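Two complexes, one shared chain (chain A), two partners (chain B, chain C).
Up next, the complex of A and B:
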């Protein structure tokens, strides 16, 4: 019997083949396939809300070969990310509903991408994790490179090379962890590997402990994906050139892969190294938060502004994870989820104006609230959430991370204080953007005829907007589902020395 | 006697086929040449699967490696013949088929040789037919240049090789690998080592290992794609097979420390991997990039052999070949189909060609991604196997930590050469086609399409069927 999580991978995988055969109906096939991970993830998340725990649920394991096994299972964080993947992918499919250029190939590639991402979020096998992690590069390369904007070639290749180079050491790590284990009990099971961390600490590779090498390898791969300043330079290009739906996927899902790799691999497998490097990672996080926010202030292009806002917000995930306090780690993961709701929403809205105006220059708009009131409301709420306004989804994650930093004391409070500055900065760039885009008198008369959000756009935007409000007003269930897994991680890491 | 005939059945069938094809030219049955060649090669393939293992004197040995290499060589020959049949017209048939059969025969002899004489015979048979294939396009200056360079450098390499072999004979008085190994035990290690090194130049040339690689970029760029696919794959299978046998019997572990052999091999591998990756990124011709890919992949295979005598080492090399051969044949066939003007594969000429033939373009992407080592394709598992063997040995024995550096070179090379493969993909898919190109695309020849589909299917299947590696390991080390 194939279980629910395997179906979450198989459904998009099969759908990608069906899409090619289905022609114009490909979008229905794709949407149907995305609903499977959404349903499975939501059900798992509800189970974690009802009975919080740090255990893995929906476990399935089938032996494979080469020591790898198809072992899947989700803890609270995996469940939330799985649900988020299903949601964001469905919304991206809806937003690309009228894709005219080779729609069958487009939807097939998105389905392939979904299968790879779902595998990363659910597998508990290191080799399968790596295979899926790398396998999502090709569909992404094609999606940006073929369906993107003017400079899509440059953006696609830059994305590809950055992420490939980032994860190249991880392959050596996967194999090294395998060969240093005693031959009789070799395994790629991440849970079993986490129990053997002393082995890597005591093994030396060319004068460096294997644990240090491994931690750096995972860190590099993850920081490129997060992305952390200064490895972030691929992101603005990729976002600006990618079509709206791909930006949505990039911001909503792919950036989370980096955080997830730190949470699932770097910290559990190399706890001592996590304690050694945590200050540096936190500093990188804070630099990212402030630098990207500062750069966002100067952007003239709406999409670039949202992209830099994205980099800034992802910095909170790093700061929270590095702090190793209960509220910090939980906050970092909550931030990963809520950013996966807020940032896609902003990209969708940017796509809405781009579809009408065919440009994204901030100074080319003004007073859009008059012709497009519903759009203006959505943009207002999404921006305020991005600015961390209490009552919206952007708040709980950032607040928890900052609480975590303050409770850790010492210089962590200083880092927290610095990170708090970003609340001012993000309010500045977002509100200033709002002022120039939707408020005031209509500055470009031809924009008076812009139609407001149509039914398809509302179908994509409303679910995100509602969840944004829900997670803002009542974040307790989400936090409750994520916290036990985070606390188990902290116990594992801080108990290591 | 009859047992010897059984063991050598594939070689004998192939020889008979070769003669028949040559006669068909004389008898003006040109249109049958490919059919004849194909059916003969298929019979040989069948025979190679059924033939018993054993030795023929001290000259040929059908051991585990040869038993794998023979079907691999014949299967690749079948694919290449099928592709040639639908790409070429009948007039070319007999000559091309005969050359290809001779190349395959040379590869079979090389792969099975346990003695310097058949080794030399096989290498020369491969070289001579390879020269003609590379210079095939009469009237094309670049093809002529390719053929000429191949002949000149190949001749020099052969001469060096023969020189080394004559020294080995002078020192040992014997020509079989085991005899040379036995002599190593007695005395004169330094002259013997020098002679061995010089004698192996011919193999290194066939493998396109740095520093014997310099002919490859020019030859691969100028030669017809099918010729590149032939000389780029069959000799590689043969050379690796005989290299494994020579290493284990002529340089036995009991006499020469594995660390020194693996040090030398790892050095060659590192040089090949890095030189190929760094030069590939400045190439602006798709077939030239494939040449650098051949050099880099030869480095990876030799790196796997450097991890000997660990059991996973030779299996890694075998799997690497199994991944490399279909991806290379597929990529070259796809390029041949995509190039708007036959024989011109400069990246600028390929611009936008994926829009004319999207499925061929997709096949090209799959093959290139496999060559780049991306999961879940065969090339990834191949790279995985080599790295595993290298790390297993390198981490286990401190005196062999050179393997760790070589593994690092493999990773670095992978990252850099990804750029080169991307250049091809970018040209084919991401760049707009030139505006004046309005001629209708002719339909895909069904034979080539079938071969291409088979290559892509093999690339996908070997990547997803993880147990394939274990099966190979078992067949090499029962």
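Up next, the complex of A and C:
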């Protein structure tokens, strides 16, 4: 029997073929397929909330060749990310409901992308992980390159090359790990590989240990995706050129892949290396937080501002993970999830005004709260969440990460103090944007006729808004589901030396 | 009454806010808006019931004679937790939070009632009431929070409501700017709050107020010396947060701009309650501040400088609300001076009296503005006493109290502050600066009398400068506004007796019966105050209270006389309607000194750096990396990239779907096997 997690991959995969046949009904097929990972992920998440544990659930394993296997299973982290994937993909589908340019092909590609992403988040096999990790680039490349804005090809190729270049070493790693294992017990099972970390430490490749090589390889692949400054330059461009729904997916899901690779591969497989590099990664995180926030202050384009805000918020994931305190590691993951709710919401709202005004210049708006009160409310809440206001989803992740840094003591405290500066910067750029977009007098008279959010837009925005409130007011279930897996990771890494 | 009922105190206004918010959203497109009577009823009922509940749960005075104080404390749930780190949602109703709640909910309910009259005709009535109720809920959480994080929740909540209410008429650019400025200034303070909280956590191991106090009280000299720098840092950082919320130098400049909000907002948030949260927090952490004496000296000096600056700025304003705003800034400085000299309960006493007389003054100003159809320029008023008798009455008692003439509320609290400053002992290097500060405070008290008398003279006592038509159209004060005005006027007159009591022996009432504040806060604040006194002994008291009261009264009377004499004829020139009200010349330089300093030292450099990072470094990296990418793409040339470049959809899709199908096939083969 095929289990729930395999169905979460199969459903969008089958749907992608069906979409091509379904013509105009493709959007229904796609939406239906997205609901499968959403349902499975939510059910898994609920099970981790009710019975917290660091174990993998919904396990299935079918052996394949070369010691690889179709092994799927989720811990708290995987469950949360699976649910988030289903949610964001459904919302992206709703937001592209009226896509007029080749809708069947569009939805087919999004389904394909979903299948690949779900595979990454659920598989426990390194080879399958790598294949899916690379495979998801192709539909993404096509989606930006064919449905994007004026400079779509340039943006698509840049995205593709950056992420491909980042992960090219991972292929070498996959092969190397296979080669050095004893022939009898060769496996790609990530759990098994994590237990053999001493082997890579003692194997030398071209003068460095295989472990160091492997850690750097995964790190590079992950940091490009997160993205960490200075590897982030593909992101603003990709966002600006991508259509709204693709920006939603980029911000909501694709960036999480990087964080997930660190949590699932880099730290468990190479614990000693993680302890060597953790300071540098934390510094990168803090640089990202401050740099991107500062750059966001100088933006004129609404979407680029949100993109830089996104980079800034993702820096907290790095800082939290690197500190290896329970609060920090859990907080980094909480931040990844809540950012996956808040950032897509902001991109959806940018898309709303873009659809009406056909531009995204911040100074080309003003006073939109009068003709579009619901839009203004949603933008206000999304921005305040981004600014880390307690009671909204942006707060718990950042608070936990900062708390983790402070309790780690020593110069971690100083890193935490620096990162805290973002409470001022994020308020400055987001409120400045709010003031220029929705407050003040109507500066462009034609905008008085802008209709408020329609039913489709509300259907996409409302679930995110409600979850933003829920995760802010009552983050305990999410934290409880993520914590055991994060603490198991810490035990594994700190127990290594 | 059960401690488990504590949650109802913030929940009642919150419920009202939610219902009113739903009504406001549901009727956003409706020409008439939400049903006003229902909205008004809910809006007033929420805070009024909280007030009633506060009284019902009122913790007894406690004190050394009556045994342990009665304190309500309830933990409802854990907000969220890491290991070794939990944020329990704990509410506390001890004497300190009860005293704050008393006027927060009491005066809050009155101002809600006043708002019903003031905002009735406004299109966004329901939205306004929703924000006001939300503010009440947040302020109550701030005050009742049992730990720094819960207080922070309320702290940010009141900041948000302040932002929404300052920008309530957001179509006006200046108002939207003022709202943003308030929020960002507060955020700078919040940075301090967070850093201080984290520093405190690493010292005391907890964010719970009781645990922090316990740690500070029980730590021996060696531990204190070891933790000294970090403790001072924590105290100073948290004080930065207080500076943001309570508009102290260097974060003072947002409060006068905040007068853009509707006048009830100015009265409730920017005079009586929210802006005193900083003073409250210093008092809440009194145990921390007395073991960080340098930090307390900074509190004293900042309060002193702000009081003087605000009083002088208040002297040159033409806009009636701006004048009152600078007055609030100055009065908050007085409160911090009291806290800085270790007299935390005196600081709270001034918070208490100030809440009455400043709310009275603001609501009276609101009645004037309402009466004159949105005229706020005092140069265009004058002689309004017969036209707006209720507003005049409230303003008069408010004036009496703030000037500090005998027996109104401000007289007693101001007198106590001067006394503590004069006798106090705060070291700066080898110097005891407390008496110097007392001198500045006395001067500031005199200036207070001058500028407040100037306001009264320009508005009520000088010859009327309204033309005949405007005079005929002065709007009367509706009943919903008059009732709160009268109650607050009475409060301004008698609130001071809550400390000194009244000689009512003849009626069989013990002399201290009314003087509940004097000893009421002792269970919370007596320990830190006595510890401070032990380390920084006061001078001899002797006949000093009478001397200080006498000198204070003389200075106040002199100031009032000067204020009346100089402005009794009104301004030299009456400007036309809608002319600039911001002071010019040296008054303008003085008023906007901190704005300009912040503008040039912080805002401009920060934004310039943002632009520089983007336009120089970011775009250079973007450009180079993009160029490299395109070169690489050309080199790779063929295959998938070329397909995309030529946008051959069918081939492209074929690639993708075939790849996917192959993947699927693999999966299925092995599943079936």
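Odds and ends about this structure:
Please note the rule applied: the second predicted complex is superposed on the first by the 497 of 497 C-alpha atoms of A that agree within 3 Å, B and C clash if a C-alpha of one lies under 4 Å from a C-alpha of the other, contacts with A are read in each partner's own complex, and residues count from 1 in each chain.
The rule is simple: a residue touches a chain if its C-beta (ideal position, glycine included) is under 8 Å from a C-beta of that chain, and two chains touch if they have at least 3 such contacts.
Predicted model only: the values in this text are computed from it and were never measured.
In the superposition on chain A, A:176 makes contact with chain B only, while chain C stays out of contact range. In the superposed model, A:153 makes contact with both chain B and chain C.
Counting the residues of chain A that each partner touches, chain B and chain C differ, and the larger count belongs to C. Contacts of A:390 after superposition: chain C is touched, whereas chain B is not reached. In the superposition on chain A, A:64 contacts both chain B and chain C.
Contacts of A:145 after superposition: both chain B and chain C are touched. Of the two partner chains placed around the shared chain by superposition, chain C is the only one that A:115 touches, whereas chain B remains out of contact. By the touch criterion defined above, A:20 reaches chain C but does not reach chain B.
Of the two partner chains, chain C is the only one touched by A:406; chain B is not.
Residue contacts after overlaying the shared chain place A:168 against chain B, while chain C stays out of touching range.
Residues 64, 105, 131, 135, 138, 141-142, 145-146, 153, 156-157, 160-161 of chain A lie in contact with chain B in one complex and with chain C in the other.
Contact residues on chain A toward chain B in their complex (touch as defined above): 64-66, 68, 105, 130-132, 134-135, 137-138, 141-142, 145-146, 152-153, 156-157, 160-161, 164-165, 168-169, 171-172, 175-176, 178-180, 203, 205-206. Interface residues of chain C facing chain A in the complex, by the touch rule stated above, are 25, 28, 77-85, 149, 152-153, 156-157, 160, 163, 167, 170-173, 176-177, 179-180, 183-184, 187-188, 190-191, 194-195, 198-199, 201-202, 606-607, 609-615, 618, 621-622, 625-626, 629-630, 632-633, 640-641, 644-645, 647, 649, 652-653, 655-657, 659-661, 663-664, 666-667, 670-671, 673. Put simply, chain A touches chain C in their complex at residues 2, 6, 9-10, 13-14, 16-17, 20, 62-64, 70, 102, 105, 108-109, 112, 115, 131, 135, 138-139, 141-142, 145-146, 153-154, 156-158, 160-162, 230, 233-234, 236-237, 291, 294-299, 325-328, 330-331, 367, 369-370, 373-374, 377, 384, 387, 389-391, 396, 399-400, 402-404, 406-407, 409, 413, 416-417, 420-421, 423-424, 427-428, 431-432, 434-435, 438-442, 475-476, 479, 483, 487. Partner chain A is touched in their complex by these residues of chain B: 358, 365, 369, 374-376, 380-381, 383-384, 387-388, 391-392, 395-396, 401, 404-405, 407-408, 411-412, 414-415, 418-419, 422, 425-426, 429-431, 466-467, 469-470.
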